[in-house]
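Note that subunit A is present in both complexes that follow, paired respectively with subunit B and with subunit C.
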Partner chain A sequence: MFDKLKIFLRDIFRNRAMLLMVLPGALWFLLFSYLPMAGTIISFKQYRYSKDGFFASIIDSKWVGLDNFKFLFSTSDAYIITRNTVLYNAAFIILGLILAVAMAIILVELTNRRLSKFFQTAMFMPYFLSWVIVGYFVFSFLSFDKGLINKTFEWMGMERINWYSEPSKWPFILVLVNLWKLVGYNSVVYLAAIMGIDRSLYEAAMIDGAGKWKQITNITIPLLVPVISIMTLLAVGKIFYADFGLFYQVPRDSGLLYSMTNVIDTYVFRGLKINGEIGMSTAAGLYQSFVGFLLVLLSNYIVRRKNKDNALF
Partner chain B sequence: MRQNKSWMMLLAVLLSFSLLLGACSTNGGAKETGAPAESGTGGGNAGKDETVELSWYTIGTPQKDVNRVMEEVSKYTAEKIGVTIKMTQIDWGDYTQKMQIATSSGTPMDMMFTASWAFDYVQNARKGAFYEIDDLLKEQGKGIVETLDPAFLEGSKVDGHNYGIPAKKELPALEVWRFNKTLLDKYSLSMDGIYTLESIEPLLKTIKENEPDITPFAITKDYMPVLPYDYLISNLPMVVSLDKGDYKVVNVLETPELKAALDTMHSYYKKGYISPEAATTNGLDDTQKSGKWFLDRAATTPFADNLWSSSYGYPVVSTPASESMIFNWSVMGSMQAISANSEHPEKAMEFLNLLNTDPVLRNMIDSGIENVHYKKTADNAMENLDDSKNYDMPTFSLGNVTLTYLNPGDPENKWDEYKVFNEAGKVAPTLGFNFDTTSVTTELASIQNVKGEFWSALMTGTVDPNEYLPKAIEKFKAAGLEKVIAEAQAQLDAWKAANPK
Partner chain C sequence: MPVKKPKRFDQISPAANFLLSLLTGVIAIACVFPFLFVVIISFTNEKSLASNGYRIIPKEWSLEAYQYIFRTGEALLRSYGVTIFVTVVGTLLSLVIITLYAYAIFQRSFKYRRFFSFFAIFTMLFNGGMVPTFIVVTQLLHMKDTIWALIMPMLVNAFYILIMRTFFSTMVPTAIIESGKIDGASELQTFIRLVLPLSLPGLATIGLFNTLGYWNDWFNALLYIDAPNLVPLQSMLMRIETSMQFIMQNSTNASLSTGILQDMPQDTSRMAMVVLATGPIVLAYPFFQRYFVQGLTIGAVKE
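So, the complex of A and B:
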């Protein structure tokens, strides 16, 4: 018993530098991810303030069971918001993956280092813009009377389009905008993974007479599969979370577009911004993460059956 | 050397954590320092008690000199009523959200700003954020009751109780048509006979034909026609007629008045009087700055034309577009409430009483320190000094405005005009009734979404009401509007039985 403790302490001491590095992250998760989990109990309560502080408020509030979840399902929009959220996210995951990997490979293969760095930085930049700003960028293209696209249409003698009242165009616009913003950032992960691939593999392939294309399909991509599957598994866990900024700011909250732009997050925001029921918004969050959790378990199970090493756990 | 380095690192990590923990616990710490002096806080002997610190949350862009001014204020209030003031300002856009978090997490505070449009007064009163002040008003708040028009306190009752003190300011809501006077003069147009939505058409037509760059009728996505109905919840379709006196809750979309207004708006839209992007326009700041508009609609106060003209830099004139009406929301335009978790509610009420009755305190809070931020030019008039930019407060949000000194250019009879303005207001039939939405929150969440889908497009005339109005009505029904209306009707009937007019 005492020996075990001694070994344990010695292990800690030996790895002190590593553990110290992990400590801030671990504490962050403990404080902001694990501790607040207890708060999900609010989603089953009608939250009312108590003068004795936060915990008293939680305890004193009335237990309402699953009432807080009803608003997500009893609405006529339930189908639309679920469909939009899942399909858009699926499109983002699949197209984002293909584009990010392709970009990473192209950047690596560019022989001009300086040019490659330039492209990388240029693609990275949009990630740091807030959606509000991106929304105005898009507006400068799509504005009815001053937008770049309508001006071009006019110049070519075509009819102007009122983009913000034509829902059918928005699936393309939203996917395009989202990819433009995120591909550069996501490709960095793959870029790093490619950099980590042993150069001698390529040299050997070259000696065997493999061209660029063969090298990519036979070396780069197979070696990227573990990273790709981990990144995709993580993304699947968030499939019920829509990017609020993208779906709210970019379409300028235009009501006529709701059939194509209303997602779970915007629905919850619009529905609760007036009455501010904390219980109901907590319920929405719990529902999203619960479904996401199940989906991660499921997809991890599928990946593990195919190849154990590529699974998350 | 190496060891030194790792020690430094450990020290840095420890330091950052102690800072983090410190930041988490400051709130708890502040609670202790304001040593409780809860016993015997009647009116007279207050000055002799130990002074207590009151924390006060107000809306507005945080000002550099707040703490400096509050120090001066505290000197004055410590002597008068034995309190010192700590003011925390939260910016306009953040106020609702930050206060919601602060109150729901139980942050200790004593007084806060609330209104119908920011940190919603009725909702938060029901959720238990505010201290019920019925008794305090009879004791420490006597001065407030005397100075306020009774409609203020009557209209701000929630389920029969008062939770906040409305600022004495303009009481009714009066909508006006505002004109860009330069254009009005250029085409020698006249405001005579302008009142209804239809009456503005000939003017819009003139502008449209002669000034292609000007938006004849500037509106945002929040535009709504003036209708003889009172909204039970602002911008949701449950309404009660203002002039029929039938106390019947109906869906505004099904009223003939709205249909007529929407038809007119749609025809204006088609004729190009309204911007094609009105349904997604959030604000008109740019249009107003550049002066590229001819007509819009706004809520007015006495002498508002002067204010608008001086802030835009060109003359603006206006003429009424609605009756002057006292609504719940107009009464609740600016209020101060005492926090439910306040340790010194009596002291807070004493302070609010002084704020609403004492010109010295009220002007100090509003304009800062005399001869630093402003100088007095007469008994009841002042002029801002250069430093006033470090202490520029939103006057209306800080209590009784009629105590504030006149600014240069203000007419001598400013506050008399306010009195006239307030007395001209007709009382809406539902004044004092607040719909309790607890039993229909699920339906309201979907109704809000349906509203977002159709409201702006319909109200701005962007879509054809013949096609979209029936669609909207049907979708509202599917979202459960009928249940909400039935619930509202039941509550309204009960309220009417309890408050016979």
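So, the complex of A and C:
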């Protein structure tokens, strides 16, 4: 027993430089990641803020078992936010992938290298802008009385559309905006993967008389499949997490659109900041983290079976 | 019989090239157009905008939006200050913490490297969610309405640690670290004198990701900041919007609402502020692009 302690202390001492190096980061993880994880316990409680501080608030709050979860799943909200989160993400994954791979292949094939570089830089721009800014961009198109689209409709003699109060239009708008923002970003990885393909494969194909189209379908795309499947699986692992900014800023938090724009993340936020339903929004958050956790494990397991190096752990 | 040009296998045909260039060009323009459009709106005459709406080619150009902002620009200037402070301090602190952590778990001689790797990676798999984090930050750390609420929640990110570790393992030969140890340099000396100079591209990549994250952040301000003097740029842009909507929707007295609105940034000045908030990024990103590309590709195919 005593020896073990001595060895332990000796190890600590030997590794003291490294331990000091991880210390600030480890403390941060403890406070901002692990403590909140433990804090999810309040989803089983009726949270009451106590003057005696944080820990007292959590401990003194009354246990309510699964009431918060029961309440959450008894409303139609749980279904709507889950459906929206998963379906939007699925659309982003599939369409985003097709667009990104197509763009990467085209950018590589364009004869004018400078033009190709220039296009690439232009497509990357939206990635660098915040959702607040993108919200303004979208507004300049969709504003009811001044927006470019309604002005064009007016000019063509068509009815103006009140975009910010018509939920049915939003699946298209949100998918389009998300594709627009991420096409450059998403194609970067595929572009790099294509650049990494051995040139001699193409030379061999040319000698055999294969044209460009044959080279793309028989060399480029098959060799991209591993990267594609890994990127997709990692994205599927995150399918339960929505991009808060997209769903909050772009529809301008318009209440009329909630049926099509409310996702788990915005629901939790509104529960916390607007309605003050601490217990239920924590429950919704835990539901997201828990299912998200299972999905990450599952997709990581699949990635690992394909290629160990690409797995997260 | 016309002479057939020899078929080229290494390039797409000129016709295909033309069509694809056109297609890609249209998409590329679509990607930058909204920004240009907002720039145009910000230079439109307010009155002509009120009668004609947002137009690609305005009837009347004007600088009044920018003049208005620079005349009454105190709030904007303060928000710029908050954003710059948060971005600089946050990026530097974050870079130090992430680099140290990544270096430690990169070292094979570190006995607890597996534990601390897992300690970081697990936070990518599971998290407590928004509400418990909010409670920790406000009720335990008492950071509400302090500048730290804008810095601390984004300080560390396990994914960046992994990217940095990959940078170390691809750019720093172990022989160098060994040689430092043989020369009797301490861990810290080896790290600062030998390792850091070799990992500058990695530092640049992570630093730029951080800079972008802090500059574009509005979420933490939405959660934690009510004090008007601590509102960062992005968040200020959001608030102009809500306060304007609120006044327009809730005012029953039309003359009163127009009176208030005259003192508020109107359409063109709002767009001018968008331009001023994004300008630095749009001008700078083409020069830093390659670091982001590096980070993204390393992140995708780690180790």
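Note that in this section the second predicted complex is superposed on the first by the 209 of 313 C-alpha atoms of A that agree within 3 Å, B and C clash if a C-alpha of one lies under 4 Å from a C-alpha of the other, contacts with A are read in each partner's own complex, and residues count from 1 in each chain.
Here is the rule we go by: a residue touches a chain if its C-beta (ideal position, glycine included) is under 8 Å from a C-beta of that chain, and two chains touch if they have at least 3 such contacts.
In this text, all values refer to a predicted model and were calculated from it rather than measured experimentally.
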First, second, both or neither for A:Ser74, with subunit B first and subunit C second: first
Chain touching more of subunit A, residue-wise (subunit B, subunit C): C
Partner chain in contact with A:Ile278 - subunit B first, subunit C second, else both or neither: both
First (subunit B), second (subunit C), both or neither touched by A:Val188: second
First, second, both or neither for A:Lys51, with subunit B first and subunit C second: first
Partner chain(s) touched by A:Leu35 [first = subunit B, second = subunit C, both, neither]: second
Contacts of A:Met123 with subunit B and subunit C, given as first, second, both or neither: second
Partner chain(s) touched by A:Glu109 [first = subunit B, second = subunit C, both, neither]: second
Touching partner for A:Ala17 - first (subunit B), second (subunit C), both, neither: both
Which of subunit B and subunit C A:Ser143 touches, first, second, both or neither: both
Doubly contacted residues of subunit A, that is, touched by subunit B and again by subunit C: 17, 24, 49, 53-54, 57, 143, 145, 252, 268, 271-273, 278
Residues of subunit A touching subunit B in the complex: 16-17, 20, 23-24, 27, 46-54, 56-57, 67, 70-71, 74-77, 143-145, 162, 164-165, 252-256, 258, 262, 267-268, 270-278, 280
For the subunit C and subunit A complex, residues of the former touching the latter: 7, 9-14, 16-17, 20-21, 23-25, 27-32, 34-35, 37-38, 41, 49, 52-56, 96-98, 100-101, 103-105, 107, 109-113, 116, 118-121, 123-137, 139-141, 152-153, 155-156, 158, 161, 186-188, 191, 212, 215-219, 222-223, 234-235, 237-238, 241, 267, 270-271, 274, 277-278, 281-282, 285-286, 289, 292-293, 296-297, 300-303
In the complex, subunit A residues that touch subunit C: 11, 14-15, 17-19, 21-22, 24-26, 28-29, 31-40, 42, 49, 53-55, 57, 103, 106-107, 109-112, 115-116, 118-119, 121-134, 136-138, 140-141, 143, 145-148, 150-151, 180, 183-185, 188-189, 192, 202, 205-206, 209-212, 215, 227, 230-231, 244-245, 249, 252, 265, 268-269, 271-273, 278, 281-282, 285-286, 288-289, 292-293, 296-297, 309-310, 312-313
Of all residues in subunit B, those that touch subunit A in their complex: 6, 9-10, 13, 16-17, 100, 103-106, 120, 123, 127-129, 221, 233, 276-277, 279-280, 340-341, 437-438, 441-442, 444-446, 448-450, 452-457, 462-463, 475, 478-480
